[in-house]
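Two complexes come next, and they have one chain in common, subunit A, joined by subunit B in the first and subunit C in the second.
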Partner chain A sequence: MAVYRRGYRRYQGRLTGEWERLMVLPRFAWEGLLQQRLIAILFVLALFWPVGCALFIYLSHHLDLLQGFGGAAGNFFQVNGEFFFVFMNVQSFAAIILSAFAGPSLIAPDLANGALPLYFSRPLTRTTYVLSRMLVLVGVLSPVTWIPGLVLFAMQSGMAGWGWFAENYRFGLAVVGGFFLWILLVSLLAMACSAYVRWRVVAGALVLGLFFILGGAAELANAVLRVDWASALNPARSMEQVWRAMLGLRPLPGPDAWQCAVCLGVMVAVLAVVLSRKLRPVEVVS
Partner chain B sequence: MSDAARLRQVWMIARLQLMRVFFSKRSFWVYLLALFPAVIFLGHGVEVKWKRERWGAQKTSEAALQSIRRGDSDEEVLRKAGTPVTDFRSESFRRHRAHMDEGGGSEPERRYMMFFDGANRWDLRFENGILQNKRSRPLNDFDDDRQIYAGVFQYFYLRLAIFFGCLGIFMNLFRGEMLDKTLHYWFLIPVRREVLLAGKYLAGLMASVLIFGMGAVLSFVLMLWPQDAAQLSAFWQAEGAAHLFWYAAAAGLACAGYGSVFLASGLLLRNPIIPAVVILAWESINGILPTLLQKLSVLYYVQALCPTPPPVDANAPLLVRLLSAPAEPPPAAVSVLGVVAVTAVVLWLSARAVRRLEINYGVE
Partner chain C sequence: MTPVIELNNLRVKLGRREILKGVTCRLGAAGSGKAIGLLGPNGAGKSTLILTLLGFHRPSGGEARVLGFDCHKQPRQVKARVGYMPENEALIAGMSAVRMLRIMGELSGLPPRVALEKAHEVLFHVGLGEARYRPLGTYSLGMKQMAKLAQAIIHGPELVILDEPTNGLDPAARARMLKLVAEMKSEHGMNVVLCSHLLRDVEEVCDEVVILKDGAIAHHANLEEERRANRRFVELEVAGDDGKLAAALSEHGAEGVNEGGGRWRIVLPPGVGLDVLWRIAAREGLDVRRLTHRRDSLEEIFLKAVGHMPRTAGETLPEEVASNGRL
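Up next is the complex of A and B:
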């Protein structure tokens, strides 16, 4: 049939649902990410600590294997809030490194190559675009954060019995809830950096640098001004305070969990504003 | 071509590149990093000066404050020392009153007073109207401030600000041009690639030394600003100028060392995060490495130049404190030569790499 005879005909096939559309971008992005050797290596490295923690839980229930160490082993091998806090701390660092490598490739290429109009000419809003890009990071970070955390909690519950679970179910909730908050912050930061600098490699360095520099700057301000409120400006420290409250542990010195939560909320809002300013379907070229 | 002509080429390239390094929009955050400590020290200085002025209006003689003894009543204290700068009753006191009104138990009534004698603040805590605790401390402690400056310089400035600043400046010299797809313009000009590398490195070095050197000097001066004039004068006459010089020199040498490493990384690797993570991790664990390995870092030589050793982090985990065994710092001359030698070797390797560099914008 000649081309000029091809008139417009509406698509007759099945329309995808709104939530289904949300998964289109992550599906392709996950495929691309998992093909990167570096991401795969980091993924594996990030699982070493959970494996070590699982061994710790196993040993805490088989102290007879450690009889040579005497009573000290019993005191050391305790699965409590501090155990989950240390686990979350280490894995949160792994999440930062992973997001620094995986996050910037999500938005920067779309912006650098002027691909946003192509996305937004389809039934995708800016919010759904950001959500679907964030889902990519949620998918990458979950297997190294809350999923192993939940596995550890289930393992401990299974070995310690129903009584332990009923008494400490808040640890499980804290691990899942705390890590979701962390993933939200880290993902938004990675995407905002990616949208802001547009260079994939630079955005990765910026993600990494921001966490370290904000931490250092907060400590500097605390030391010079002889205060402790500046700790709230350190996202990692603020999140630690929130996690400690969720796990029912003694708070760290400095701003309390609510003040830290407010600071984190402000950070999330600022990152969301950066994203909304940078992600525009049209661009004026001067 | 004569060496003089080559040097002129190097200078010409450096001049062209300097404009981009200093005034590019991407350099803005480098200035932020360099000036952040100065801003915080300025804030501290303003706070100290303001307090000294405000509290000075209600000055109490030191003798009167010395005469106050533990066990004195609050009325006696007010009679001896006059009106305090601060006087408040704690929340628990109000709760206590409400509780007592309801016929409850006996939580003590708490009161806090603060006096100022012109140099020291005196904190007095009372329970049920009786002085329980008296403590005096200087409004501003010069030695303490110098120790804090040493910590800020060595933990924040060297390890984070200069590290990430140099990462941004020196990576941008080649990798940035690659990302901007402009490197081929440089390669088309009739100069040897080693000359181009030298020119770009010189520009990065001049910019980073100027920005971070000035940042270190400015924050040092602002740290000194609120200090007592007599102490300050004694400090300048004794060791002040030497301290200032060595801090600036350490900042400059750190820029030279890290700069060469990141310039080479920008030439050899596409992703700057990998060297950044590796070097950052290496420099962070430097203190707990065996002595021989500690010497394989820029920080080891640069820290040795700092006039005051950094304060020990009391909050560091026990394991880290146990493993921490800083190597004996080398003499200043060895430190300078060490960084210069490392820089020279890395630049020589970079020169070899840039000679073989092929542009492939497609893979960026």
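Up next is the complex of A and C:
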């Protein structure tokens, strides 16, 4: 029967499980994001570097194609920890750009339109809501971060053989683990900014700005106070230090990986507090 | 039978202010398809009570149960059975009504296909069928109210909490909204909690009413019983010789007091209708000048409860009623 003739009837059938409901918001959000041309363009641009890296790995195993460069080519085309570190650095920047554009559209409209009571009057907790929204960004950022990283690692392992894999498996773990930490930080930052500012454009600018501002502030503090510990306040720099430790590379000058990890942990905690304070179904003015 | 709402010495503090001050009551019966009206002046604690029932506020003391589930300890069970229509704007402006309702339906546990079907079905039901693909931001106030109602009932909840559903509606839209609420009770067996400033809305739709004042219950009335009880009071004015009227009334078990000048105050016993008075008047050759079925309107009940109208002698004071635990 046509729906307009049917009339309203109460639904009394089977209800979906909690995990299925957790994916409701991400499903609708991905659908919306993929319809945005800018996001699609950024997404494609973010895959250029992994493609270049794949070419690099291929060439490193086919040096005969580069005979014209002489012996220097052999030294240049080396797939090692530094290679994965550079890859992660470039892709982390792409992740920031993508989350600055995709992140604020997740929470800001809900807050700006006062829609939270509608969500929270359903069997959805604040934690589930944040988790759902974070899954959106995990879904968007994964294809430009750890997935291509893992593909590159697999490609190199396949070309270099079992011996290389056994010796360097930590690169694979570092790529996945390091990028997950980065996605956690960037997602929380994007959501906290949009929860705080509520205006999508400003929230996006704030996400980008915070990375530069914190980086600048850290350098300024280092210069003025003549210290080097302030580098830990720069999330990108701290994450680099952690990644270098995960990849087994020589650390950068300044606070060590553990100190940087603690700093990042504090940042994550602060962002979680901001979110929990802002994401309330009703605001209480006492 | 499980009450729809059960409050046991419920206290809620927002900041340092205590908004609900030990409210105790049992309202409605689960599955009965009745409506409970929540009335009170501004700042009485109506919204706080609703938000506490939804688990948005944490009680500072006592407990609140909805359909037998503790609102604070079992919020998931409560929310799975409740539909909520907030007073304020809550619809995402850039989204179409169908999309918004699909999301809300799926979040309530409807499978995706069912949610899509129900979104269309419920939007036609509330009269937004033709506008269902339009962005919600382009809706008029009345349409937004209907869309908010639609999202509250898409999953077929046992209890629907409506916060000021007729706010900003024109008379036609208001009538339609009240008709939908009445249908929700009578045809779909949903329990309804209606919070409104408009006494006529509550009077029209609700079977039970609770009046809050200063965070406590000032009055709790069963409107059905009140209506029945009030039907017995009649004011009659006649022309002619009314000397035998008192005796004629007593034949039917009615009592009448002559106030002079042909004016009578009559109390009809249960089961005796106004037609009896017309027959007596015809038999006694009296011309009926005025016949008023006097009843305590909800407005009078409300004004008495909040202290703006003197009480009739012998009536129970709200404090007495609240403290004896009947409410």
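Simple rule for what comes next: the second predicted complex is superposed on the first by the 272 of 286 C-alpha atoms of A that agree within 3 Å, B and C clash if a C-alpha of one lies under 4 Å from a C-alpha of the other, contacts with A are read in each partner's own complex, and residues count from 1 in each chain.
By definition in this document, contacts are C-beta pairs under 8 Å (C-beta built on N, C-alpha and C of every residue); 3 or more make two chains touch, one makes a residue touch a chain.
The structure displayed is predicted, hence computed values, not measured ones.
In the overlay built on the shared chain, the residue A:Tyr169 is in contact with neither subunit B nor subunit C. The partner that reaches more residues of subunit A, of the two candidates subunit B and subunit C, is C. In the superposed model, A:Phe76 lies in contact with neither subunit B nor subunit C. By the document's definition of touching, of the two partners only subunit C reaches A:Pro123; subunit B does not. In the superposition on chain A, contact of A:Gly7 is made with subunit C only, not with subunit B.
In the superposed model, A:Ala100 lies in contact with subunit B only, and not with subunit C. In the superposition on chain A, the residues of subunit A contacted by subunit B and by subunit C do not overlap at all.
For subunit C in complex with subunit A, the residues that touch the partner chain are 14-17, 51, 54, 56-57, 75-76, 79-80, 82-84, 86, 88-94, 99, 102-104, 106-111, 114, 117-118, 120-122, 124-125, 129, 151, 153-156, 188-190. Chain contact summary for the complex, subunit A toward subunit C: residues 3-4, 6-16, 21, 24-25, 28, 109-110, 113-115, 117-125, 280-282, 284-286. The residues of subunit B lying in touch with subunit A in their complex are 26, 33, 36-37, 40-41, 43-44, 47, 148, 151-152, 155-156, 159-161, 164, 167-168, 171, 175, 179, 270-274, 276-277, 280. On the side of subunit A, the complex with subunit B involves touching residues 38, 97, 100-101, 197, 199, 201-202, 204-205, 208-209, 212-213, 216-217, 219-221, 223-225.
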